[in-house]
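Naming follows writing order (A, B, C and D), and every chain is counted from residue 1.
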Amino acid sequence: MINKIMASAAEAVSDIGDGSTIMIGGFGAAGMPDQLIDALIDQGAKDLTVINNNAGNGDRGLAALIREGRVRKIICSFPRQSDSQHFDARYRAGQIELELAPQGNLAARIQAAGAGLGAIFTPTGYGTDLARGNEVREIDGVMHVLEYPLHADFALIQAFKGDRWGNLVYRKAARNFGPIMAMAARCAIAEVSETVELGDLDPEVVVTPGVFVQRLVCVPSALEAAA
Amino acid sequence: MKRMNRQMMAYRLAQDIPDGAYVNLGIGLPTLVANCLPPDREIILQSENGLLGMGPAPKAGQEDPDLINAGKQSVTLLPGGCFFHHADSFAMMRGGHIDICVLGAFQVAANGDLANWHTGAPDAIPAVGGAMDLAVGARQTFVMMELMARDGSSKLVKQCTYPLTGLACVSRIYTDVAIFELSGGRAGVIELVDGLTFDELCSMTDLPLIDAREGASA
Amino acid sequence: MINKIMASAAEAVSDIGDGSTIMIGGFGAAGMPDQLIDALIDQGAKDLTVINNNAGNGDRGLAALIREGRVRKIICSFPRQSDSQHFDARYRAGQIELELAPQGNLAARIQAAGAGLGAIFTPTGYGTDLARGNEVREIDGVMHVLEYPLHADFALIQAFKGDRWGNLVYRKAARNFGPIMAMAARCAIAEVSETVELGDLDPEVVVTPGVFVQRLVCVPSALEAAA
Amino acid sequence: MKRMNRQMMAYRLAQDIPDGAYVNLGIGLPTLVANCLPPDREIILQSENGLLGMGPAPKAGQEDPDLINAGKQSVTLLPGGCFFHHADSFAMMRGGHIDICVLGAFQVAANGDLANWHTGAPDAIPAVGGAMDLAVGARQTFVMMELMARDGSSKLVKQCTYPLTGLACVSRIYTDVAIFELSGGRAGVIELVDGLTFDELCSMTDLPLIDAREGASA
């Protein structure tokens, strides 16, 4: 029998090793898998490369992981925010490496990894500092840059409901990077507010088919926080 | 001369968004446009974080942490709105499905080059977000900015000195003193605030402008 | 006010011109927009390039369009079937051009068009006759071929329900190519079994956001056929 | 020698699909495997036209024209199944998310090259479907075929003469007389039907085979 539901967040992240590349879902705080990240902080993995849209907000989630010095490098589109103080401090101290990517290329590269494409030509970023060194090509009169897929060892994402096959639905704009990160990681781990019986999710509304999810863990408090 | 304040600029720009348009409003100044949309038009706002049909801010106490816009402010969703993931959201932009995006700017060049993501200062932490995708992806890119920087220099320039966001992507600039239409590498002036002459505007920008106002001889 | 709902299938397809490139949804009969195709046959457009997974089944839909001699060229993955007699006859008579594409590359090229990518490197087809002449490149030890996006002037698709903004949901495996074709065409036209009031579709379950759909037409008989 | 019939081949192959596997069964012969899956294992079938968790054929009269498999036959969906569009469906395959695909074949070469989409005959109408995507995308590609063609030649060959579907993609071949494991450019025999000797099999294929049966000396 397939049962991807783990007993705890600690168990779900137990085998994440030092030096891993980890995608973390969320756009700001919406969709940030706080509990998986807390478990990862407790677990102790360090020297991580993190792929997220931002570089942490406030004191929770990714911001806490950065504060604890576990992140060697971050690949993101929008690190600098009013409440990105933990990233800011480490960046200015030269303690964290930053690879900046236009948000759409970030998303497209994650999607390309999940879909097994080798590379994509995208118009975004052509002629800018963020595509310096990229191969360029004119296609149908438009200049494009070549971008490579972003793969990860693990994806930590937040979803709303899930079942033991790993099927997921999300809640509002917390969906953001979850579906594509689940596809791009060797092992996708979802924290969900509620686990449901197999068949309870309408097959028409499943957003992430279970094949893309390896583990999920129920964290009821996220539901309460959202309520 | 009576400069427009930011609210007036937003109001003026909103008048040029047609009924039925799909529009993305960048963070910062352009966000003001959302509150100025003509009530007799149905204009659908996209937010890069996976919303189409974005509505106004919720009433106090009704904020939902999962319902935010690109600036991470609480918003609502209109009837007919929907959610989608980030790859689909940027497919909307890059694929030419968004009619108009409105962005702020540090500088815009007469040929439409846009600089709005990075001052290039060595101690600044760069952040780009979706600006580069919007700049090249939307069918039309409008810029909304004060014409003059704090140091008194024009932000409409011959060539951008700040790092570029996109090349030849801006078609219109809505400023506090004039509206510019960029075309064929040159900046045309299509509207001036009361009390400002075309020649005075030219001297402010130090650029060869074209008088493209209605009734002006080309 | 935005109202993309047209009065009839005839009105919805009225401006499709000779020589147009048209994506037609469906995998076999599931998702085939029969009524839009019937309207297109009545309308008379000819010399069409059609993109579909197949080359028509039986006597309806795309098969009828081919039978009537309106299709100059078809781009598809699986033309030959037990009931593709109309395509077979025209193909053997040299009256229709065939461009064969692996099904996944077909889907990826359609998706790339909708997403504004200039080209993609895909491993599918490398070393086969279907990638003869394509640029090839080794990426991370895997050989890839370069494929270009497939754009269309019009997409004719079938969906289950839609609203006046063009939001669509589909029914079971009839979803197939609908969502990506809607994104890849300059003008996407959907026939739906039911139109609903704005707001009646749950925003979490909309599959095709309205921005990708330009016109829709309600064809209640499709619902009856499916019931 | 007691050749296996197609049903037996399907049954034998099904025993090698582990619990929890995501599997795509190609049209034709491989479809038979669906009815032979061990009942004590949960094996999830994907269909290229946008189904995961595909179930058996419906009872007569309960067919749904919108619920079909890749061969356009009526199927059902199990609890826990779901629907998705074609780009996501092929992302599943190409992205390495499907553990096993089972395909029919015209020919397989000892190095794993597969030919199964086109005879190359000048009057044949070619059709490829999802075969090329499955062949390169699934983590393992199993082939299910009779070993000998109707003309008495072996379909396991040194080099394919039919147009290729994919290069070096097949890892196992389940035939009516033997099971082959392909590795390092060579074909190993891991199982033989009763009454057939390894030498007899070698003479049938005209290939240098390796005896890789349990207990065989390598």
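We take it that a residue touches a chain if its C-beta (ideal position, glycine included) is under 8 Å from a C-beta of that chain, and two chains touch if they have at least 3 such contacts.
The chain lineup, named per UniProt: A, C = 3-oxoacid CoA-transferase subunit A; B, D = 3-oxoacid CoA-transferase subunit B.
These numbers come from a predicted model, not from an experiment.
Among the remaining chains, those touching chain C as well as chain D are A. A separation of 32 Å divides the Cα centre of chain A from that of chain C. If you average the CA atoms of chain B and of chain C, the two centres end up 35 Å from each other. Each chain gets one centre point, the mean of its Cα atoms, and the points for chain B and chain D are 55 Å apart. Annotation for chain C: residues 108, 111, 115-117, 122-123, 170-172, 203-204 touch two or more other chains.
For chain B, residues touching at least two other chains, in rising order: 77, 83-84, 87, 90, 93-94, 137. Contacts between chains, counted with the stated touch criterion, involve the pairs A-B, A-C, A-D, B-C, C-D. Contact residues on chain D toward chain C in their complex (touch as defined above): 47-51, 64-68, 72, 77, 83-87, 89-90, 93-94, 118, 123-133, 136-137, 163-167. The residues of chain A lying in touch with chain D in their complex are 1-2, 111, 113-117, 163-165, 167, 183, 198-199, 201, 203-204, 206, 209-212.
Chain C makes touch with chain D in their complex at residues 27-31, 53, 57, 77-81, 88, 91-92, 98, 100-105, 107-108, 110-111, 122-130, 143, 170-180, 207, 225-226. Of all residues in chain D, only 19-20, 22, 42, 44, 46, 52-53, 77, 79-84, 87-88, 90-98, 137 touch chain A in the complex they form.
Within the complex formed with chain A, the chain C residues making contact are 108, 112, 115-123, 137, 139-140, 142, 144, 148, 169-172, 202-205.
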